[in-house]
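We just call them A, B, C and D in the order they show up, numbering each chain from 1.
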Amino acid sequence: MDVKELIAKRVAKEFKDGDVVNLGIGLPTLVANYVPDDVEIVLHSENGFTGIGPAQSGEEIDPDLVNAGGLPVTIMPGGSFFDSAMSFAIIRGGHLDATVLGALQVDEEGNLANWMIPGKLVPGMGGAMDLVGGAKQVIVAMQHTQKGTPKILKKCDLPLTGAKKVSKIITEMGVMEVTEEGLLLVEYNPEYALDEIKAATEANLLISDNLKPMV
Amino acid sequence: MNKQITIEEAVSQVKDGMTIMIGGFLACGGPNKIIDALVAKNVRDLTIIANDTSFVDKGIGKLVVNGQVKKAIVTHIGTNKVSGQLMNEGKMEVVLTPQGTLAEQIRSGGSGLGGVLTPIGVGTPIAEGKDHLIIDGKTYLLEKALKADLALIYGSKVDEKGNVFYNEATRNFNPMMAMAASTVIVEAEEVVKTGELDPHLVMTPGLFVNYIVKA
Amino acid sequence: MDVKELIAKRVAKEFKDGDVVNLGIGLPTLVANYVPDDVEIVLHSENGFTGIGPAQSGEEIDPDLVNAGGLPVTIMPGGSFFDSAMSFAIIRGGHLDATVLGALQVDEEGNLANWMIPGKLVPGMGGAMDLVGGAKQVIVAMQHTQKGTPKILKKCDLPLTGAKKVSKIITEMGVMEVTEEGLLLVEYNPEYALDEIKAATEANLLISDNLKPMV
Amino acid sequence: MNKQITIEEAVSQVKDGMTIMIGGFLACGGPNKIIDALVAKNVRDLTIIANDTSFVDKGIGKLVVNGQVKKAIVTHIGTNKVSGQLMNEGKMEVVLTPQGTLAEQIRSGGSGLGGVLTPIGVGTPIAEGKDHLIIDGKTYLLEKALKADLALIYGSKVDEKGNVFYNEATRNFNPMMAMAASTVIVEAEEVVKTGELDPHLVMTPGLFVNYIVKA
């Protein structure tokens, strides 16, 4: 299985029936494909609707119905449309059970940086600051390193998207929880040795007494 | 009161140096025909308030590429590489704002409120220089209300009184912008007779709209 | 003609085509009956719609469509429904051209009191404070005195609904404008002598050089 | 996820001393059947947040008459003479709030905002003891966000996911209250199958609604 698919599949196990979830652009979007059949989640699209369905296919594309990445999608029965103020009232108001986002950097305090690299890349935060600040659970889903360079740090040095908001980091190497004591590895991918995972992580990685293989 | 005007009459209201709100989310639900006419007219030194700067060849993106934008107050510029270039070269000022904050700032401007008290952005670079208020133990940023000389919005179905229905995900920032500008022009995909819109489906009451341009 | 009808008829001349107007409960509601045929105004109901039409009649009353006084009314073609937040965004945001309200007291500075008599009558302000604070023009429409006791004072002594917000007072005796210099009588009802009007007014009443009979 | 419960199950969630938001405007668009059941159950010491205290024999008015309300945060009590009596006797605390301010306070509570910066009420008794902020030369009151343990709202058509359509003027405070309470129960005039509501007509997305009671 592709590494991104592996991560998405593991993230999909985080949800319980009825959860309201916003999936970021890129890898997080894949998560929707792996939600178990007996779990029904409400997918929120920050450009203004609930009930994101599969991508549009066929010859006639409806340009009025796109996701936050601008791609034509569908809406499921039971969905609803609203404006951006309502969309972010949902996010900021604590009505999202979880958001899944990528990161440039994330650290052991739960700080997250994913909106700019000064002097280089300044895409902007879009809805990410609201998502990180507002969702009950902030799950970072990403590859463990950037081509070998750690992204899970002791302290982010890029401008933050949100301070101390991340609850969980899920990568192809394992699942880490942000706790009062620090970053706790609770699941690991048996394809990697623990030392290998530690070496790929700049943050101090605590190992759970109850460490399990990643499933 | 006949609110319908031609696209030429609409564009004649736009002057160099104006502050203009433009609806749309990556050009979905944007007044793209009016923008094309603005590009042709080549008005300059505009301050644009919008969700994003779209793509180089779509909607607001064309205004940016044509060098007509002096300042952009937006949430995201990552889909238009010219925006980043102009920003880095100091040719266009870019104020990046969290999407939910921008939506509320515009709504506040249209609602007679002084600003927004939001927890989003606290502890990040966007909080620098802004007033912080502590209310019941929680810290909020004071983000000021936004207003504009002109709002250019898009409507899927607009009646002769200016009542607007937005189809699917085209609603986004349009309803708030319709409230916050001295003059509001809606680019109507379809103009219908007064009484043909179900009053429950009116998402922007006609009282906000000054002019209607048939797309 | 009944005194209330006389006042309502005069108030109705204040509007121009396209004005958005909120009429208070009681006497102000009567104004709608006298708007000239060539002037089309948009009537705003603060409980959540535009386009108030005549009262419902007949056997089947629709309880879902009432005005701010709780009375069953109708909606005109081109009307729209919205929630209370939008309704007051319209009011507070300066989107009402005029509001017409009654008063317990009004004074020469444009202060208005109409929501409580301490220790006696405390109905509450409902939407009145927003209307007085938000409308572009605040017109007080009332009988000139309370059974002979002046209601137009030098200084209100009841708790204020709004400070320095009233633009015009229309009674059965005349039309008064609140100006920088004081309260200016611009029209009078020829059925009353000027001295009679002055005697019924506690406020210092300036007489316009251009005083006209009330029509 | 089945959100439908009986009226008995709904009422069993209401405990003495709770803070409850109740939708409706003079009982139009109010959860009047659930209120009747609360009167029968005789829960006490309630703090009620609502537009008004209705009439003595309608909706919230019955809770007041039955002495169940310890504190009422409302805009108007004039239509229920018992409210004024209880207030004057010191048996019920009444916090009178301008209608637009109340709507925004509730919306803020539901949107994760710290409060409302409104010019309404400056210079009147309701400004006493409240923080005044001067922003760009204009004075605003800081009115804090409101939240509740429970919101009891009314919906004309509700689907199985909790998506709500409000008919005509029944919308009023219901959508904001649905956002601002820990638990939200909607009294549905009609329950329809998921997919039967046009997603454009959903005025409260189902994610806000915990339980549905068929009226």
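The definition used in the following text is that contacts are C-beta pairs under 8 Å (C-beta built on N, C-alpha and C of every residue); 3 or more make two chains touch, one makes a residue touch a chain.
Only a predicted model underlies this, so the values are computations on that prediction, with no experimental measurement involved.
Asker: Listed by label, which chains are in contact with chain B and with chain C?
Answerer: Common neighbours, chain B/chain C: D.
Asker: Approximately how many whole Å separate the CA-defined centres of chain A and chain C?
Answerer: Taking the average C-alpha coordinate of chain A and of chain C, the gap between them is 55 Å.
Asker: When the centre of a chain is set as the mean of its C-alpha atoms, what distance in Å lies between chain A and chain B?
Answerer: Roughly 28 Å separates the two chain centres.
Asker: In whole angstrom, what separates the CA-based centres of chain B and chain D?
Answerer: Taking the average C-alpha coordinate of chain B and of chain D, the gap between them is 32 Å.
Asker: Please list all residues of chain A that touch 2 or more other chains.
Answerer: Expected reply: 49, 75, 81-82, 88-89, 91-92, 134.
Asker: Where in chain D do residues touch at least two different other chains?
Answerer: 104, 107, 111-113, 118-120, 167-168, 200
Asker: What topology does the chain contact graph adopt: line, ring, star, complete, or other?
Answerer: Shape = other; not a path, cycle, star or full graph.
Asker: How do the chains pair up in terms of touching? List each pair.
Answerer: Listed in label order, the chain pairs in contact are A-B, A-D, B-C, B-D, C-D.
Asker: Hey, which residues of chain D end up touching chain C in the complex?
Answerer: 25-29, 51-52, 74-79, 84, 87-88, 94, 96, 98-101, 103-104, 107, 118-126, 156, 166-176, 203
Asker: Touching residues of chain A toward chain B in the complex: what are they?
Answerer: Per the touch definition, chain A meets chain B at residues 45-49, 62-66, 68-70, 75, 81-85, 87-89, 91-92, 115-116, 119, 121-130, 133-134, 159-164.
Asker: List the residues on chain D that touch chain B in their complex, please.
Answerer: Residues 104, 108, 111-120, 133, 135-136, 138, 140, 142, 144, 165, 167-168, 200-201.
Asker: Considering the complex alone, what residue numbers of chain A touch chain D?
Answerer: That would be residues 17-18, 20, 40, 42, 44, 49-51, 75, 77-82, 86, 88-95, 134 of chain A.
Asker: State the interface residues of chain D toward chain A in the complex, per the touch definition above.
Answerer: Against chain A, chain D makes touches at 1, 107, 110-113, 159-161, 163, 179, 194-195, 199-200, 202, 205-208.
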